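Here it is, the structure, as structure tokens.
All chains are identified by letter, namely A, B and C, in their written order; residue positions are counted from 1 within each chain.
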């Protein structure tokens, strides 16, 4: 093949190949990823009726654990489950109706305030919203 | 006439002199301010004193009449001068032990400090005539006393080791008593000191948390466990249910202290478990005994789990270094770490099956982390491969351009 | 194959009247001489801007401009979206490279006196483009809503607020309130994806049009020489493309080995991290403000420095009119020296920021 034609083919061909190599990631990027969205403001923490009165469950709230409590009176409350002392995970103590941290005996009441023990700050309370069958938890405004 | 007017004017002027102006002259302070060194110190520091802020003056403790400027006249019959060390507790208690009096200032303050003090080692020795022991002013200061809520106060949590250490860490001073003087130094190496001084956790225990303050006395062997339980109740409960409890009680051994020490309580590691030289178990359990076997089993279980966690952490760190985002997996690893902490706590209960079950809870998550870590490393490899391909194609294109440019410069 | 191409061209030419355009393109010539290497930087800047628009549009697909979701969406792009790490890292790295290239482009045109008549408007539009791109950098930096970006924005807007008379008002307009908040994020997002691109596109169009119409400026000392020329299209374009290819390789390598970090989510109640500073292209001004004494006579040092920058900028922008010698086509060593001093000042102040952090 004549030199000039070879160079033109080489130029065109390598350009198209490079273009394809650039279009591949673009197309993969645009196609929806497995996890549909980024971190939700609102998290589905459970279903109505799942929790008996005076019991609780841990759920995932973004990158940290949260705790959903169904009080004795049937009120649904949600809190961060991260103890404000040294970040251990708290649990619900049905006998006292408090959030209890087993690491150093920290205790929080149902408003999130510290009742006793070393935690220096109240535990964060979340907003609970019931939509049909689902219980949604979100950060308070 | 002018004289009358003048007198009336003078009287009127005096009437407008603020009341209590006469009472404000504190000749003690005025005089002492002008003195030097030790004699000046009381006047210099008194302004910050909580007693001064409550409206008390020098006379309330020392007697005398601060309204009079003349030194001899001021030091009247009521003047007590500087109290002797042995008299100090009773002097302070003359107000601080009087509930009706203290109610006027701060109803919440306790009024039993003197009776507590009398049960303490300091109080007992003072009664026998030893004035080297601590009295109120040694810990609270004098003339510049502030509450324990003020960071500069010698009774503020992070100052307490130094306050107690002033005597207890002084080998010469303590020579006659025959007790160790390394407690403060040992405490400083502990995990409690780390929490207090480095993490600024004011709830971390200091000397008075375990020894009491006014009633300071080393806890009896039998009660050490109860003292630790104040902050570590679940561990205490587990221990109480374990076979160790009866064994320790029979031997008259202190509970927590036997394995964890008292002042130099360091972060417990799995090195404490097991059957090698560094382990605490072999202090009592000989080779071949049931305890020895249990120790070996516990060590294998917990160590194995911990080693796996470290392995996964290393994988995730490597992936991060290679540029791959791994925070989701790292979060799961946090969960697994919580399981490990629970399992280590359960060791105090010695129920091997319970520990096995607890660790199994973490196994599933650990598997997930392993998969995520492997995927992350794969991603890192994929990226590098992709880069090589893209660079190769770009290089080809670049060469093609170069050839084209060169061909255009040559004449046709 | 060739016939198809010719038919297509004829079809489009009938409708778009392409012949005139092609004739113009073929006639445009670019001189080649010892300084013509510097001609490439404008094109590189244009190419990098194109990359920014493309990657920016891609990021828009997954980014959310809300303080509750911004950081999380970046985290999502970096970890869940296929090649999200690449698109985002390219966008962040190219932003920095682009601003560096703009400074090179600006100083090379200055030293070659390309601002002289008849290219005064090219210089002025270019000056405003630099300001716009630094605004792009400043507004874009906040969007990930991480610790560094939050505090850098706070520090930067505090400086704007220090201006006499208009300071407080200006700061309020920039922030959308009194502090860095959701209003600020929404506003910066609007600046970054709508207002600034519109303004930049307009100015770039004018700037490039002027370059095409007026051709490349030749340095004064060569103006009487007979110089070799190559045609702009396709020769110069191919050379441009070679440069762009090399830059793409560079960007690719950087992004694979040094992906841009996600950082810690901004916490408005946290203490300002120690050693907080703005992005490198602002550091020469930032360090100047740190070094200036607190009071000069009766004026606050900071205010004086900010005004000095403003006035200095205006003088710099008016270079085509102030440099009478260059306008006449004569060598202008005074302007060259001013340029050298300014360049040294910027370089020294920037380096100082990183080598002596405890200023």
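Keep in mind that, in the parts below, a contact is a pair of C-beta atoms (placed from the backbone, for glycine too) under 8 Å apart; a residue touches a chain by one contact, two chains touch by 3 or more.
Since we're looking at a predicted model, the values are computed, not measured.
The chain pair with the larger count of C-beta pairs in contact, out of B-C and A-B, is A-B. In this view the innermost chain, defined by its CA centroid being closest to the centroid of all protein CA atoms, is A.
Separation between the centroids of chain A and chain C, computed from CA atoms only, is 38 Å. Per-chain Cα centroids separate chain B from chain C by 53 Å. Between the Cα centres of chain A and chain B there is a gap of 34 Å.
Of all residues in chain B, those touching 2 or more other chains are 327-328, 386, 390, 394, 397, 401, 404, listed in ascending order. In chain C, the positions touching at least two other chains are 75, 86. For chain A, residues that reach two or more other chains under the stated contact definition are 25. Contact residues of chain A toward chain B in the complex are 3-4, 7-8, 10-11, 13-15, 17-18, 21-22, 25, 63-65, 85-86, 88-89, 102-105, 117-120. Partner chain C is touched in their complex by these residues of chain B: 323-328, 383-384, 386-387, 390-391, 394-395, 397-398, 401-402, 404-405, 408.
Residues 58, 61-62, 64, 68-69, 72-73, 75-77, 80-84, 86-87 of chain C are the ones touching chain A in the complex. For chain B in complex with chain A, the residues that touch the partner chain are 201-204, 230-234, 327-328, 331, 335, 338, 341, 345, 386, 389-390, 393-394, 396-397, 399-401, 403-404, 407. Those residues of chain C whose C-beta lies close enough to touch chain B in the complex are 75, 78-79, 85-86, 230, 234-235, 238-239, 241-242, 245-246, 248-249, 252-253, 256-259, 262.
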